[in-house]
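In what comes next, chain A is part of two complexes: it sits with chain B in the first one and with chain C in the second one.
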Partner chain A sequence: MNEIATVRDVVAIVLVLAGAFLCLTAGLGLLRFHDVLTRMHAGTKPQVLGILLIMVAGAIRLQGWSAIWMLLLVAAFQMLTAPVSAHMISRVAYRRRHVRRDLLLVDEIRSGESVDRVYRGDEPADAPPEQPAASLRASRREDQAPSGGSPRAGE
Partner chain B sequence: MTVEPARSALGHQLRHQLPLLVWLVLVWNLLWGTWSWANLLSGIVVALAVTLLLPLPPVVGGTHLHPVGLVVFLGYFFLDLVRSAALVAWQTIRPGGIGRSAIIRVQLRTDSDLLLTIVAESLTLVPGSVVIDMDRERRTLSIHVLHVRNLEDVERRRAAVLAEEERVVRAFGSADEIAALAHAPGEAPTGTGRRTP
Partner chain C sequence: MTAVYWAAYAMLGGGALLTLVRLALGPSLLDRVVATDVLLVIISAGLAVYAALARDPTVVPVLVVVSLLAFVGSVSVARYIGGMLVHAPAADDRGEEGR
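Now for the complex of A and B:
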């Protein structure tokens, strides 16, 4: 009986340490990565797995079912909410052009039909248009179009 | 939504809200930590109050659980979770810093709100990717992927996204949607398997 308790403690300690290490790398990633999009990776994957490991360790070590149910809820909501918040922040960051384009190998949002050369009211106020002359022409065209001239104007 | 007679509309609504109600009652009971009839009854009251006072648009179609597909999906999910967490953790501590990343658009084959939500959530958690944007009409996801070295890596990531979609559909999709996996992305028939309100 005593040995089983020791083994359980060791497993719990290893899981807590691994989880804490993963959360530490998530914090390091926020410091070391270059832009918002890559930082969101650090904020989701090691973070979520770290929390999960710590929850498992807690479930091993804690007594009583009521605490374990609570840990289960924490894990479930962590896995449900972390992707949503990461997605919302990345989306806003991309639309406001907080992107290090020089570090991107390809960017397929920009190729093809949905080119973001025109002011759409979604960038920071001081962001210059990437092609000023074209953007001025395009925004004049949008103004003169009777209603919803641009397919993306109504979004 | 079309106008229906009040009673069937209410039943329709209640049937679609049932999973949400069950989930809310479950959360309420888990939060109290102990099982009792008082907790169950008060949980039902709270769940009804929440769903009636703060109504959400119904999830059309519901889920079709396939046990084998679910096990496969969950197995890959946790494997990928560990793998991608280890990869990202290694990139944060290695001296060379982070590699280049890419933004790719992937054309999906499924056309249901619920399945697309599950795909997007699991993609953000697992294989080194964060979903930036989703075009619901064209069924494309825009995904930021970490650590790509060349264009072959990009294509491999695209294939991984489609594989993840296939696992999700095989775990939660209806027969129509599983059949739609056989079509090439983009030419899948719209209309038959479409599940939007």
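Now for the complex of A and C:
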């Protein structure tokens, strides 16, 4: 049962080894690259391709549809969530200056740096697009008002 | 078959070890977030390799849980660091100069 008997087993083993190799390259890249963005670039290799290869190998080797559906669920979930978390981490990394800007070839946010600095994602939803910082400051002032008399008590 | 086991687990273990080194060294919190994410992915890859090589489907539900946990963990820590950024007073002053 556990021996290499058919072509399917050989294919599954090749896929498993390829996925494991991608995990090794992720570790290497994570250790050797310079800043957060390049480390994320190395880290997403097993997150998408490595997991997919190993899932396909598992689907080839395992019997029963329930296991295969669950592997498919894991693969789909990984492909849905990897871009979301990568987007959030890289955005925060850029804003906290964890990026080696001298190594960037194209930096599209930097040319509009003042705009990016003004939109901090924490504005009230009805903030006017010309002055989002002003309404952010106003709302923060309301938050910091002494709690004894609520600023909106008059309403 | 034994050679396949050894090769796959050696590569996975090497990757996990290097990721742990980055997790310990990582100069910033975000480096550690990325390293933790990759470490969880390597753990789930190891579970899937075991399931595939041993034809054992009992660990497959654990994969779903681990991948869910990786996403929730990295996103919540990224949101937390972003919140620290928004409420830093120095960032507020710079924002006014930018206009």
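For this structure, a couple of remarks:
The rule is simple: the second predicted complex is superposed on the first by the 104 of 155 C-alpha atoms of A that agree within 3 Å, B and C clash if a C-alpha of one lies under 4 Å from a C-alpha of the other, contacts with A are read in each partner's own complex, and residues count from 1 in each chain.
Quick note on the criterion: a residue touches a chain if its C-beta (ideal position, glycine included) is under 8 Å from a C-beta of that chain, and two chains touch if they have at least 3 such contacts.
Source: prediction; values computed, not measured.
In the superposed pair of complexes, A:Gly19 makes contact with chain C only, with no contact to chain B. Of the two partner chains, neither chain B nor chain C is touched by A:Val10. In the superposition on chain A, A:Val106 contacts chain B only, with no contact to chain C. Residue contacts after overlaying the shared chain place A:Met40 against chain B and chain C alike. Of the two partner chains placed around the shared chain by superposition, chain C is the only one that A:Met55 touches, whereas chain B remains out of contact. Residue contacts after overlaying the shared chain place A:Pro83 against chain B, while chain C stays out of touching range. Between chain B and chain C, it is C that contacts the larger number of residues in chain A. Touching of chain A by both chain B and chain C, each in its own complex, is seen for residues 21, 25-26, 28, 40, 46, 50, 66-67, 70, 73, 84, 91.
Residues 1-4, 12-13, 16-17, 19-21, 23-28, 30-31, 36, 39-40, 43, 46-47, 50-51, 54-55, 57-58, 60-64, 66-67, 70-71, 73-74, 77-78, 81, 84-85, 88-89, 91-93, 95-96, 98, 113-115, 117-118, 120-122, 131, 133, 137, 140 of chain A are the ones touching chain C in the complex. Across the complex, chain A meets chain B through its residues 21-22, 25-26, 28-29, 32-34, 37-38, 40-42, 44-46, 48-50, 52, 65-67, 69-70, 72-73, 79-80, 82-84, 86-87, 90-91, 94, 103-109.
Interface residues of chain B, counted against chain A in their complex, comprise 27, 30-34, 81-82, 84-85, 87-89, 91-93, 97-98, 100-105, 120-122, 124-126, 128, 130-133, 142, 144, 146, 148, 150-151, 154.
For chain C in complex with chain A, the touching residues are 1, 4, 7-9, 11-12, 14-19, 21-22, 28, 30-31, 33-35, 37-38, 41-42, 44-45, 48-49, 51-55, 57, 60-61, 63-64, 67-68, 70-71, 74-75, 78-79, 81-82, 85-86, 91-92, 94-96, 98-99.
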